[in-house]
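Take a look at the structures below.
Below, chain A partners chain B and then partners chain C, in two separate complexes.
Moving on, here comes the complex of A and B:
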């Protein structure tokens, strides 16, 4: 029982990080039909920015997290004005957008290396304090991340569902032409999409750095495949699905090592299990776990 | 009489020629040796090691060039290019090795740092006809068995020897028949040393409680830590790098079932920067083994190297890059040609396999003269492992046992192990 609780909790923590990062990718895809391969490096940007604000500018950690999210928004918007907007106007296809996104990822990663150097970094947080729950050891940092992630997920879900901008985003994702002629401010929808993507990408990076205690400039790239798997699992283009896909993926990866499940698999194969689950789900439900063909956001 | 004069003249000519040949170096025509390096000079984890090894290789080439000028030996040894493998990413390493071999047409590639990357370099040199690789810090046994057509050498002792050193250290602390759980990073270095250690430990009469591998870029390490601490064991052996163990160590502490003082590790942690990366409190009590320099006048060399490269980050293994470059240049002079076979023969000829006068790093002019004259020599390097066996591995090695106390690495020379 203790092992199950431990693995379930670990999976929920990791899943919440996957989900938050996947949300941005899914939103961008639903509105702009762009698979943002640079999203992983926004995680790295967020973690390194928070580290800089805390260690160099001596800011409280919570302020540093907010500022790193703002930086994520600013970088996203700069890219929108300098790059994505022009590419949309020139009618660039999916392949061109994919290649540009990959290029942006490289540029972001190398810029982070140039600015912050290549050494690993860590937040000065207590990684070792744990609380016992049903025999499992729940780390303080994990608990904080899970609580904060839950708040962030609830907030963004409500924002998309209730706010005018959120409703406009859903309308634009469903039918962009109809949304445009019905008076929806398309530019505002696009800017909101990039802002959410940048902010949540950076937040996911800070959470990952907080949970692991140590991060390098390759952190986002290491997680990108798992995040993309969460996006596809929860139906690509479905923001709620991406969040749930992240949780499912995190929990499945951790529980796959549980002894009670046929002895458990070696932990090095956790990513393999995640992708095996993805393939199996897509075989039976090509739209993803929660998707229906017409549903967007 | 006329005939006699001609005979005398011919005799004098032959004698003079013979005299000339005997005093001029055997490869008087001179060979131009081209050297390149591949090291992780940027990227996470290895940049200090890679930069140091690359700088040391440059210093080695410059040292032999100066010695050749002083000795009046024709030919040259030049550093053609220094490639950055960016954390030793396999695809980057392969591309860099191919560029050095085919575009830059080097004769020797010094590098790379890690075992996996060095095998990538080896796969390129094995397919070539005139390029030799000398790995600077790769220790995996996989390099010994790799089908490299005698083109992959290394100046760092194999982990087959390190496994024996670990066995001795753990036997001394816990007894021959104790239980050990092995944890390793999932790459050729980690799995190679873990396999070698387990075989040596069982042969020694010990027991293995379990084996857990982990991926370098894993999203979390908690399930790996849980798997490690539920095994039966008296001690742990972890084969890892500081960057990934910095994530594993807190996960181990959180299980409340890990005691650092029961843990043995390897040379990647025998460095102040590793303690800084992982955290002194998490490393407190950890012990380990590490290949130790076997070289001559290492203090003098370090001072000279510091003068030549004042900004060099400096790690314990820098001398290995210097030795590799010096051996490469000397091997080229010895070979008198640039085929891979002759260069491999040259490496063994200057590394001491065939005996000859021993020379250290500050006696290179005399060493060059001897090599150019066709004599075998024994280059006693700075790092020290220069005598290559049939697989291109150093014959023998020395290991030290280290421990961490309050953030300081302690060494006790009485516990050194020599093979």
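Moving on, here comes the complex of A and C:
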């Protein structure tokens, strides 16, 4: 029982991080029809930027996190103006978008590697304090991450649902030409989408770095697989689905190591579980857990 | 700068270019004809080379049978990938394929008792008191060819030279085969599915089956590249099969003009020089960083090249722009 609670809690923490990162990818996809392969490296960027602000510039952790989120937004917007806008105007196909995103990922990752090297880093936080809950050991850092992530998720879900920009975003995703004709400020929608994706990518990176304890320049790339699985699980392009997909995947991945489940699988195989879940969902419910089958005309 | 002067280095570059060319040809069948975006192609290379190495080292199976089995496993990998995701929209296939190759690498990385794990093929369990090598049969073939050619052509014919020649002969044969395939009615149907599923379906063509066949053929070619990769590097490591390698293949494909096979070998050589040439970036401003950091620069340059290529010349150096949009 204690082990179950422990794994469930770990899964929720990990799932909240997946969810936040997956939301950015799904939102960008729904509005811009672009699978952002560089999203994983935005996580790395966020974690290393926060590390730099805390360690080298001696800023308080909270300020560092906010600044790293802003950096995520700035980088996303620069890329929008330099690349994505032009590609949209030239009517570039799926392949061009994929390959440019990959190129961005390479440049981002190598720049981080060049600046910070390949050594692992850790935030100067209290990693040792734990609380006992139903026999499970819950780290203070995990608890903080879960609380902050829940706040962030609620805020973004409300923003998409209630705010004008959020509504416009959904309208634009649904039917871009209709939205443009009815006077929606398309540029603002796109900038808002990139801002959310950049800020939340960086935030997810800081969270992951905090929970993991140590992180390296490959952190985001290692997570990308699970995040993409969460995106597909929650129906690609569905922001709420991505959040729930993230939680489901986080919990499933953790619980798969549970001893009571036929001894559980070795924890190094967790990403394989993410992939297995992905394949099973695609085979039996290809529209995602929450997706609706497109009607055939 | 001495390495530039050595012919051995150029032979190495050309051999690698040939192997990447074969690898890229697999993508060409999938994308150039079928419009399928496979970003997990390197997984097929990993499957074939590791299958070959394990069968030879751990089970003492004849090299040629092991190599054929390796290619067969790559084909099965392609079939698995296709059966699960090809019915879905194209972007799903791309995402799942990239996940597939990462999972293959991940499993290789963590299955110490089967694949040698992090230590690579040197740690694959051996039978008897053999040395964990899978190249013996191949080496003796290469040495025979060398002994035959050397008196006739000159002293520069060494093992690496013969290897390069065999790689390029294989590439030439495969290029010929693929360009034949691309003139068949099978390829015409497949090309039609690139633009629209409904028309070929209305004509009674099973679109899914055509696409699946394209993925399997591409995976077989990728598997052949994997065998050569294993033979050229003589030992395998999970890090040889990073997703990065798939994008090397894509870069060659785009450079050469994705819809025609003609440009592919030239693009492969071009890529080989770009890839190998970055190690001579010893002049300023690159001289201020050490050699391990220069490896980062190399990948950055590949990233820049991909972006510039897609922004400026998506049809490649030899392709026509219209063909990228509409065949």
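Couple of notes before you dig in:
As a convention for this text, the second predicted complex is superposed on the first by the 292 of 297 C-alpha atoms of A that agree within 3 Å, B and C clash if a C-alpha of one lies under 4 Å from a C-alpha of the other, contacts with A are read in each partner's own complex, and residues count from 1 in each chain.
We take it that a residue touches a chain if its C-beta (ideal position, glycine included) is under 8 Å from a C-beta of that chain, and two chains touch if they have at least 3 such contacts.
Quantities reported herein were computed from a predicted structural model and do not represent experimental measurements.
Overlay on chain A: chain B and chain C clash in the combined arrangement.
By the document's definition of touching, both partners, chain B and chain C, reach A:268. Applying the stated contact rule after C-alpha superposition, one finds that A:113 touches each of chain B and chain C. Shared-chain residue A:49: touches no atom of chain B or chain C.
By the touch criterion defined above, A:127 reaches chain B but does not reach chain C. Judged by the touch definition given at the top, the superposed model places A:149 against neither chain B nor chain C.
Of the two partner chains, chain C is the only one that A:92 touches; chain B does not reach it. When both complexes are overlaid on chain A, the residue A:252 reaches neither chain B nor chain C.
Once chain A of one complex is fitted onto chain A of the other, the partner contacts of A:199 are absent, as it touches neither chain B nor chain C. Residues common to the contacts of chain A with chain B and with chain C across the two structures: 113, 266, 268, 271.
Chain A makes touch with chain B in their complex at residues 3, 6-7, 10, 13-14, 17-18, 113, 118-120, 122, 127-128, 130, 137, 139, 208, 211-214, 216-219, 221-223, 226, 250, 253-254, 257, 264, 266-268, 270-271. By the touch criterion stated above, chain C contacts chain A in their complex at residues 31, 37, 39, 84-85, 87-88, 90-92, 94-96, 98-100, 102-103, 106-107, 110, 244, 247, 250, 254, 289, 293, 296-297, 299-300, 302-307, 309-311, 314, 324-325. By the touch criterion stated above, chain B contacts chain A in their complex at residues 42-45, 47, 87, 186, 212-224, 226-227, 242-243, 246-247, 250, 253-256, 277. Within the complex, the chain A residues that touch chain C are 35, 37, 83, 86-87, 92-96, 98-100, 102-107, 109-111, 113-114, 225, 228-229, 231-232, 236, 266, 268-269, 271-272, 275, 278-279, 282-283, 286.
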